[in-house]
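Read through the structures below before going on.
One chain, subunit A, links the two complexes that follow: it is found with subunit B in the first and with subunit C in the second.
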Partner chain A sequence: MANTNCLRCLARPAFPSPNILNATTRAGMGIQRRAASKLAKPSNTQGRKNEKVKGQKTLRIKKKAPVKTGKPPAPGERKAMRKRIVLSNTNALEVEGLRELDSKMLGEWEESVVRELQAGEDDLVMQGALGLLEGEGGEAKGEAKVVGKVVALMGSTVDSLRAVEAFKTTQGWGLFRRPGLLIREESVALSKKLILSEEGGVLRLVIDGERGTGKSLLLLHAMATAFVRGWVVVNIPEAQEVTNAMNDYAPLPGTTPTLYSQPSYTATWLSQINKANLALLSEMELTLTHNLPIPLQSNISLSRLCELGARDPDVAWPVFQAFWAELMAEGRPPVLLSLDGLSNVMRESAYRAPDVSLVHAHDLAIVNHFVGYLSGEKELVNGGAVLAATNRSHAPRSKSLDLMLTQLLEAQVGEEEITEKDPFEKGYDSRVEWALGVKEAEASVEADVEGVETASSPSSVKEVKKEENVEAAVEKVQTVPGPVEVLKLKGLSKVEARGLMEYWAKSGVLRKTVNEQEVAEKWALAGKGVVAEIERGALRMRI
Partner chain B sequence: MKVAWLPTSLREGLRCQFSVRPVAFNSNVRRRGLDASTKQFSTSTRLQAGIAAPEIKFKNESNGEDEEEKLFFARLVPESPSYFTAQPAFTDDLLALQDLVRKYSTLPVVKPGEAPRVAWRSLVEYRNMVGESVKASKYHKIVEVLRRLNQIHPSLMPRDVTAALNEYKRDVNPFQNVTKIAPLDEHGRAAGHGRRKTSSATAWVVEGTGEVLVNGKTLAEAFGRIHDRESAIWALKATDRIDKYNVWARVGGGGTTGQAEAMTLAVGRALLSHEPALKPALRRAGCMTRDPRRVERKKPGHVKARKMPAWVKR
Partner chain C sequence: MPSRLNLLGASRSLTIRVRPSIASHHARTLPVVSRRGFAEEKEQNAPTGPNQGGGLGHVSEEAADMSEITGETGPDLSQGTPVQDILQRDEEGRDKAPEIIKQEIDGKKANAAESTTFANLLSLGQLESIAAGGHGTDPVTVDTVGHKYGLPDLPLPKNANFKYRYDPVVAQVTNLLMKDGKLSVAQRNMSFILNHLRTAPPPVPNPARPLLPGAPPPNHLPLNPIGYLTVAIDSVAPLLRIRSQRGAAGGGAALQIPVPLGLRQRRRQAVQWILDAANKKKSRGSGKNQFALRVADEIINVVEGKSSVWEKRQLVHKTGTSARANLNYRPGGFRR
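On to the complex of A and B.
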């Protein structure tokens, strides 16, 4: 069941739920009953208190029950407290000269992307080393200013990010005056890739890394970039909420294999999407005709469509499909589809099918939708990106996912030896390979190329043939979307760590002079600059 | 044993037994004074000369020499003129040393700081040696003279001075005890080994930028507690050298705390090979001393090492 009261604030329901009523009445009855029993049989245990009990050899002193004081919190209040997200601290100092992550900054990066592309072309055409050098110089100059600096998020971006639940309770937003992001080299690279993917050529990326290396924050950075660039952001904030069987679910009719929709989760998700992208969606009108179980006006905005879906969980899934079809129509903005906690979706969910077998997470409609785009089977027509981040704290281990990520990473780096499957391991899941875009097709292409190579002999005709074959194979590779990219996050560099610590010092949270020694110490103690560990050592564990 | 406390009669005998210095006449003064008396009391030890009766001369033993022994003192003559001072042995020693200084005053000397470092006998040791209650200020006079003698250029040091100095040197010279430092290997690595509780650690320290790998894991992965991470590289932190060295360590046995503190010692010792002058700083930081404490064993009749079962009335 979906909760009646809001989880992110302390608002209580207007009228108490029947459960509470029951609880109080039961308690009242209990009191009456106890009183009645007292009347019936007056207790006579006072005199016996210190008397020896026969057969008891050791001294026993009864412990007093702790006295209960105050009113216990109302149901749901504790959870609301736990899930509350504080984004501002009025006691923290305001940092002066903080840049904002706005369209101007992204524009600078776009320029540098364009310049790089041009430089690359020049290089190809006329080997213009001079142009390349200039381009590199300019780029380095523009980025060096930003990398290792903390930038603030714009107010509108913060609202949208809050709506898509991009902020997590474990992150230290509540320490600072306003939400800010450290710009790392990886985040600049990611932003540039996102900007490139606007033109088409969807970016499909899995962000991996050790615990506390900033995977979720990089995802947040991507979302912030998308919001600033005017994308539609569709985010699944916690994959485990989708798969841990805490929501109602129902099989979708007419699907083989059977997919399961999650009506109330979809409804809240739709309202989130609407709230986050309100400015964009309210501008867009329906262009297609949909066959929905509810009557629909032809000229309503997409925002209104989402509202309709959010209002009624029963139609939420069909409405979401209609909404998605509209987004994929021509002339719509790019879409960012993101998910945090990938390993939760790469295994069997906690839901059960009618024959009591566990439902694979990919058979849940929402996850299926996401994985379809992550694998590259379906394409974001108007450009955009599919991002997924893994999770290292309280995340299930998915053996296949781990293996695939290491293999993909090794292939990306171009290592000679690629880790092979453990032949004695039973826990592998073939659907994970498919979800990460590693398919039979690619394997066959490789086989083709190899076959050509083995067949080639030192005659000119065959040489030509081989070249043609290789070209054909390359074309095939280009048409078939390859496996996803993997970004392995590591610790910060010392420059970035220093920028972050200086920001903390300016905010008045870190009361130390930030110098080379201090940075080196914190960086080393945090295991080569793992961000969360630096924060833990510098801010949380102050003695 | 403190001979100086004993009565004079016992002192002499015991001193002969315990003293390092052979009982002999070591001063010219004393010898000169005794030249005459040797004929009368032919035994050479001071002990006998002090307390024994004169030797009996028999007629038939007499040779031509006997004729010369006409000289006879009516009273006992002390072996040294300084017998009448309060501390005759001390006075003799001082005079002998001063004689030496006077004798070799023309020899070239080294600069005050460059003389070989020598640990002289302590006051108590000296008192036991001579068997007299010598004051500290008096013994200091001897030490000053010794220092002056020690400053004579080593290549020209006369044999008798060396012998005199050796008598006043402590048996073990602590300044000769120089610690051996393990050299760096051809890759510039220094290995150190440390133990704590049941853990043991080996650390290889090399010049670098502050990267630490423990059993192939980063510091954060290897040790969850920040306190443990700090103790693992405490040797570097206490000497402000975190960003100057890289550490590669293997640890095993025991728990996390033991492993981290075994690393403290290992890194500290490896760091010494790079910079031996850091030893006092590292000792102050507690990176040199092995903590010998271990889990105390359980005893029969006890519940744990010390805990006794609860008292029960019958």
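On to the complex of A and C.
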């Protein structure tokens, strides 16, 4: 029978009325019904298949239900495990002959800095050329010995660095016996600049570079240098933690525009600062009088002051301000103020103002404090440095920051053509320019000169006045510090790459002969020595 | 131009030649019909005139005959003669020679490396070894002469093929770790596992669960994570699997037949068991590397003899031993 829907009708006849059907169709239906009944009943043969036959040995691996043993991790334990920082691997071999980044090494660099300064003066007065040449040769030799070598960090430095959260989970500290740092040319230069800035003349520097070029590690090197030199280090380890609206916040009374403090974050920050600089702060006593919401003894140490602030988030911000005022008092050590992840603070934060608009990151009290020093508006009176590192792997794009860094770098190199603003781009942020100390100086000069010009008139008296004004403007320009310096990090040189790989091999974690060919291969495959890529390929066994 | 020194030339003058041990099956008869390719100029079986064929040989043979008459040393017929040598004797040919050869004869293009003898190459090689800081007496090997980067060392290492450049165990385990075809994630997990093995404390093996004979001592394992992984996998890898032959045992029951496994198959089974055990574990932390962490812990458990994988292996081996009587089963029935 040719049925239109024969496949379906096997199970379920589409036209069930038997009255219309003739004899032949009836016979067909009969077949269909039998087929349908067969489909409906499952055959019995399947049930027999799995029955065990007596005396037969069959392999059966039973699936057991997962046994619930042990209690689940306590609240916070999982996160603690994720954030745990391991700084030692007992399996790794001890590297012999490893120098430490100590005051002796920094002293050598200081000597070379002094020598360079003297050399500059000598050049001016044309004196002692022979001695100078000898000195330069010796100094260059001493540095060349250290550059490209890995140095260990001292135990006290490691504790302090751990306290300021300078070590990150993504870095490979846990593979070696003890924490060590590769000395690069850039890090020697930075250390020297830091040493120079102790005398006054604050170093304001932004460290930029491709992903994995060692920006955070250079920042760590700067902090280690500062700890060894006896500075106070105040570090914001992750800028995104300040701006991503994960902390409580409150408007600060009496501020225009309104600033927002973050009490809990400030409290933890104070305890970190205290822990990291304990040896220094516990010996410094209060010298100023403060108007704080809590009663304060006059002879307590700065360490105790930090403790008081860390204990009570409500007073944390006023205590921090008092602490900072003490640091800026006369006779205090230099201060290193640093931040990692600059682009996070160069945009609007995720916090909301009462009118539901987004709060700009510079209106957060902590960021405002940092940016004030980065822009040069406020000065570290006892010397020191303000350092910021950008982040290129997990960071928001800040168009203004990218543009400003490009421009500053071009100006630093002395290129004739400076990249201009994209006229069709709306995402620029003028506060970023101010924060990097750019617009402020230029704008002030222009405004002053313009003011002078509009006021000028043919009379001779006013001519004189104009000149005075211009002089004043020039003076003002000189007092206003220029834009920040930019340090653009690139890949390692082959010598540095080799030193690093040799250290890995000596630690027993790189099981290869480190020769010229191997180094050249890894260096080239890592995009001309991008250090994280060398590590990924050679050390982490990431294929 | 290749060097004129022909090593095979020496054997040609010998009267005894090695006969091929296997006779060629080609017919020795000459083709009756002449075959001429499109590129050939003349017919091979062209009718020969009185002056053609059997008279003078080619230019080198002629020169050799002439020199025999005049008593000079002619060209060696056992070797091919470079066209430059022929042109030296042949003035007419020199005029009709191609431009390149004319230039070469004029000395405009002096390419030492191309038109030099073996002796020259040898001395060039000696000069190069002197330039490289060695001595002129240093042996000049084949790879220093005529090769810009030298020849590779033979035999080629196993990982020289780009398809097999990684350790076989690592490559296999990586592929088995892969889910949804995400190889990169699997590679990241593999890297995490190896680094975890490297940083974990050395394992304490259980004497009841002996590792592979010849395995390195446990305190050597962490610094060789690939070896660690290999020891763990190869130690629990089963030697056989049980194939169930349906209907062979009679009464509808399946007959258990042990089948030996190859190396990759054995490892695959071991890794599957380890992954099963790791999947059943619970994570103690959070983040994206939890699966890899569980696998790494399971590998450590295997080496320490704590893993349930050992029991699975034992079960398979026991069944295989008891079912060895079924080995002589063939699809038609039991073999006698």
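In the analysis below, the second predicted complex is superposed on the first by the 426 of 543 C-alpha atoms of A that agree within 3 Å, B and C clash if a C-alpha of one lies under 4 Å from a C-alpha of the other, contacts with A are read in each partner's own complex, and residues count from 1 in each chain.
Note that a residue touches a chain if its C-beta (ideal position, glycine included) is under 8 Å from a C-beta of that chain, and two chains touch if they have at least 3 such contacts.
As the structure is a computational prediction, the values presented were derived from the model and not from experiment.
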Partner chain(s) touched by A:L175 [first = subunit B, second = subunit C, both, neither]: second
Subunit B versus subunit C as contact partner of A:M541, first or second or both or neither: both
First (subunit B), second (subunit C), both or neither touched by A:K528: first
Partner chain in contact with A:T58 - subunit B first, subunit C second, else both or neither: both
First, second, both or neither for A:T90, with subunit B first and subunit C second: second
First, second, both or neither for A:L98, with subunit B first and subunit C second: neither
Partner chain in contact with A:A353 - subunit B first, subunit C second, else both or neither: neither
Partner chain in contact with A:V509 - subunit B first, subunit C second, else both or neither: second
Residue contacts on subunit A - larger count, subunit B or subunit C: C
Subunit B versus subunit C as contact partner of A:P73, first or second or both or neither: second
Intersection of subunit A interface sets (partners subunit B, subunit C): 57-58, 541
In the complex with subunit A, residue positions of subunit B that touch it: 210-212, 218-222, 226, 229-230, 233, 237, 240, 242-243, 310, 312-313
Footprint of subunit C on subunit A - complex, ascending: 48-49, 51, 53, 56-59, 61, 66, 72-73, 77-79, 81-82, 86, 89-93, 174-175, 508-509, 511, 540-543
Touching residues (chain side subunit A, partner subunit B) in the complex: 57-58, 210, 212, 491, 516-517, 520-521, 523-528, 530, 533, 536-537, 541
Complex contact set, residues of subunit C against subunit A: 166, 170, 174, 187-188, 190-191, 194-195, 198-202, 222-226, 242, 244, 249, 251-254, 256, 280, 282-287, 312, 315-316, 319, 322-323
